[in-house]
Amino acid sequence: MISNFPWLSRGLAVLRKDLRIEFRTRYAYSALLMFAITTLVTVSFSVGGFLAGPEMTDIAAALLWIILFFSAMAGLSRTFVQEEESGTVIALKMAAEPEPVYVGKYLFNVVLLFSLTVLVVPLFIVMLNLSVVLVGGFLATVFLGAMGLAGASTILAAIVAKAGAKGSLMTVLAFPILLPLLLGAISATRTALGGGSPEAINTDLLMLFFYNGVALAASLLLFEYVWNE
Amino acid sequence: MQNYVAVKKLSKEYSCRQLFVDVSVTIPDRSVFVVLGHNGAGKTTFLRILCGLVPATSGQVDFVHCGNVLTAAEKRAKLGLVSPELELYGELSAVENLEFFSGVRGLPFTLQRAREILEFVGLKGRGHDYVATFSSGMKQRMKYAQALLHNPPILILDEPTANLDEVGVALVDTIIRRQKEKGIVIMATNEPREVCYGDQQLSLA
Amino acid sequence: MTWQIILGIWMSGVVIASFIYMPATQGLGEMGRIIVYHVPAAWIAVLAYLMAMVNSIHYLRKREIRFDRQAQVNAELGTIFCILATVTGAIWSKGAWGAYWNWDPRQTSIAVLLMIYAAYFVLRSAISDSDMRARLSAVYAVLAFLTVPFLVFIVPRVYYSLHPDLELVNLAERSFEMDRQMLVVFLASVFGFSGLYLWLYNIQKRFEILFYKKATMRRF
């Protein structure tokens, strides 16, 4: 059935290749994880003991997404930069259409961020001594938030790789584009941790969902212009 | 059956320097086309434009198959490239590389096919070693495996015998001869023994 | 040259009228005079951004480098007007709300617009090849534009807005004469700012074309 969607089946080939390489080198994952753990420990050490109640949930929601955002920035651009630096990008361009490459890299970044969140989010909750009131809403927020981070970052990573991967370019480019997603995710997380009404969180989740859709559709349309010379 | 490559008035300038101006050639089916020129003359750039990896400043390149000009996607399925700049995935084994390139081209992959092609390029028994551990000559052979994987009618070779030993050079001879029987070879080289394969030559000043 | 002189006189007229002819607005008091500068500047900042995006799309479709230059010029002008709008807004905010900056949704959106402009120029300065610079920055401009509607939706959920658009629209509560005077000056200012934008755009575009010609001449 999958062969009816050439973009998807070929994209999965790219994903499998990237996962294989990542599993052997752990280039991106170690960057992501080390960044996340370091900031998490710092945050927990400096804030953990001092706050409680609604203040705590408000600040914790923002801190969680700051940690995830900067970790994503540290690791997600690797996938394109590595192709560009090692010269494999020519072989890839000769063999693959732009869209499957985007799909593969996007899925790779999603997998990468999910494997980061399953480690970092529980740790975050434990270390800051939080209790999640709306469990379903919280999981959905983390899920959609991580997807959105990966969705908008992937095409930016391709831009950054072409621009020569200069220092903090990725963060500078990503921040204004990811800001709506971050604000939405923070708002939803706040509700989930602080025990707001399910309706409030649903509106935010809907917005996160649409953000994902728009980011994905726009990236698929625009990726060709980034990838081809 | 009309298969040919038409290069029309192709010009390229690169960082304010003219590499070549108004190059027009037609490369017919079943022929070898050789691009000559000293270092820095633009041989590699010329091939990269043919491959669609670099945009031309003006002019165009049409790949014609059965009277139809190929789209970018169709072109991809019909081109094979060997070039010093093209690298394979060092962290993957030879077989995994071939598996990936079949997958991404939407071709079925069998271990049998991989073994055949690796044996043909002289890498028998090394299929499960990482490409990063290969010598430069073996990497060059591996690039041929990648380029021939999908049986492309057009083969583009930049410095075809770079890093190869005598056996390897003989292999390239075989590949070029076979390719000429079924399609087109376009190559950039300055090696006299390769230049003489050329049915047509283009000298970039 | 005539146009520039007319524009100069016109803008001087607007400045004088905004202090003498125009009455202090109800509710906003003397601080209200700043809308004559603040709103048109914000309008031009958004317009220039829109034009930059339209030119970016044109570039991606037609691959003519002049569209890229037009996008760049629009972005440059947009940045200047965006800074003007931010500063005038902050001054007004200090007078009306007591703080220069308080993350009102309007302030948030204009800050993000500034960040997008900044990121756009950082990206441009990072790429030396002109075709690639044009391509990548065009893609970025379009991507950034698409996220703006989400911001308009999400920010008011986090911060409640105090921005007084309603007070300006709500004409029924005010005397007709006063609003007419204000409206005249305000529209004259919008008109003047638009003229200023067109003039600057024209100059900057001609400058960029000359600059490009010079760069291409140098090689021979």
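We call the chains A, B and C, going by the order they appear; numbering starts again at 1 in every chain.
Please note the rule applied: contacts are C-beta pairs under 8 Å (C-beta built on N, C-alpha and C of every residue); 3 or more make two chains touch, one makes a residue touch a chain.
Remember, it's a predicted structure, so these values are computed and weren't measured experimentally.
> Which chain has the mean of its C-alpha atoms lying nearest to the mean of all protein C-alpha atoms shown?
A
> Computing the C-alpha centre of each chain, which chain sits at the greatest distance from chain C?
B
> Calculate how many whole Å lie between the centre of chain A and the centre of chain C, each centre taken as the average of the chain's C-alpha atoms.
32
> What whole-Å value do you get for the distance between chain B and chain C if each is reduced to the mean of its CA atoms?
Each chain's C-alpha centroid was found; their separation is 51 Å.
> Centroid from C-alpha atoms only, then distance chain A to chain B, rounded to Å. What do you get?
Computed from C-alpha means, the inter-chain centre distance equals 37 Å.
> What parts of chain A, by residue number, touch at least two of the other chains?
Answer for chain A, listing residues that touch two or more other chains: 229.
> For chain B, what residues touch not just one other chain but two or more?
In chain B, residues 55 touch at least two other chains, as defined above.
> By residue number and range, which residues of chain C touch two or more other chains?
Within chain C, no residue contacts more than one other chain.
> Quick check: in the complex, which residue numbers of chain C touch chain A?
So the residues of chain C in touch with chain A come to 60, 112, 115-116, 118-119, 122-123, 126-127, 132, 135-136, 138-140, 142-144, 146-147, 150-151, 153-155, 157-158.
> Which chain A residues qualify as touching chain B in the complex?
6, 9-10, 12-14, 16-17, 20-21, 24-25, 86-88, 90-97, 100, 228-229
> Spell out the residues on chain A that touch chain C in their complex, using ranges where they run on.
152, 155-156, 159, 162-164, 166, 169, 172-173, 175-177, 179-181, 183-184, 186-187, 203-204, 207, 210-211, 214-215, 218-219, 222, 225-226, 229
> Please give the residue numbers of chain B that touch chain A in the complex, ascending.
51-55, 72-73, 76, 79-81, 83, 85-92, 96, 100-101, 103-106, 146
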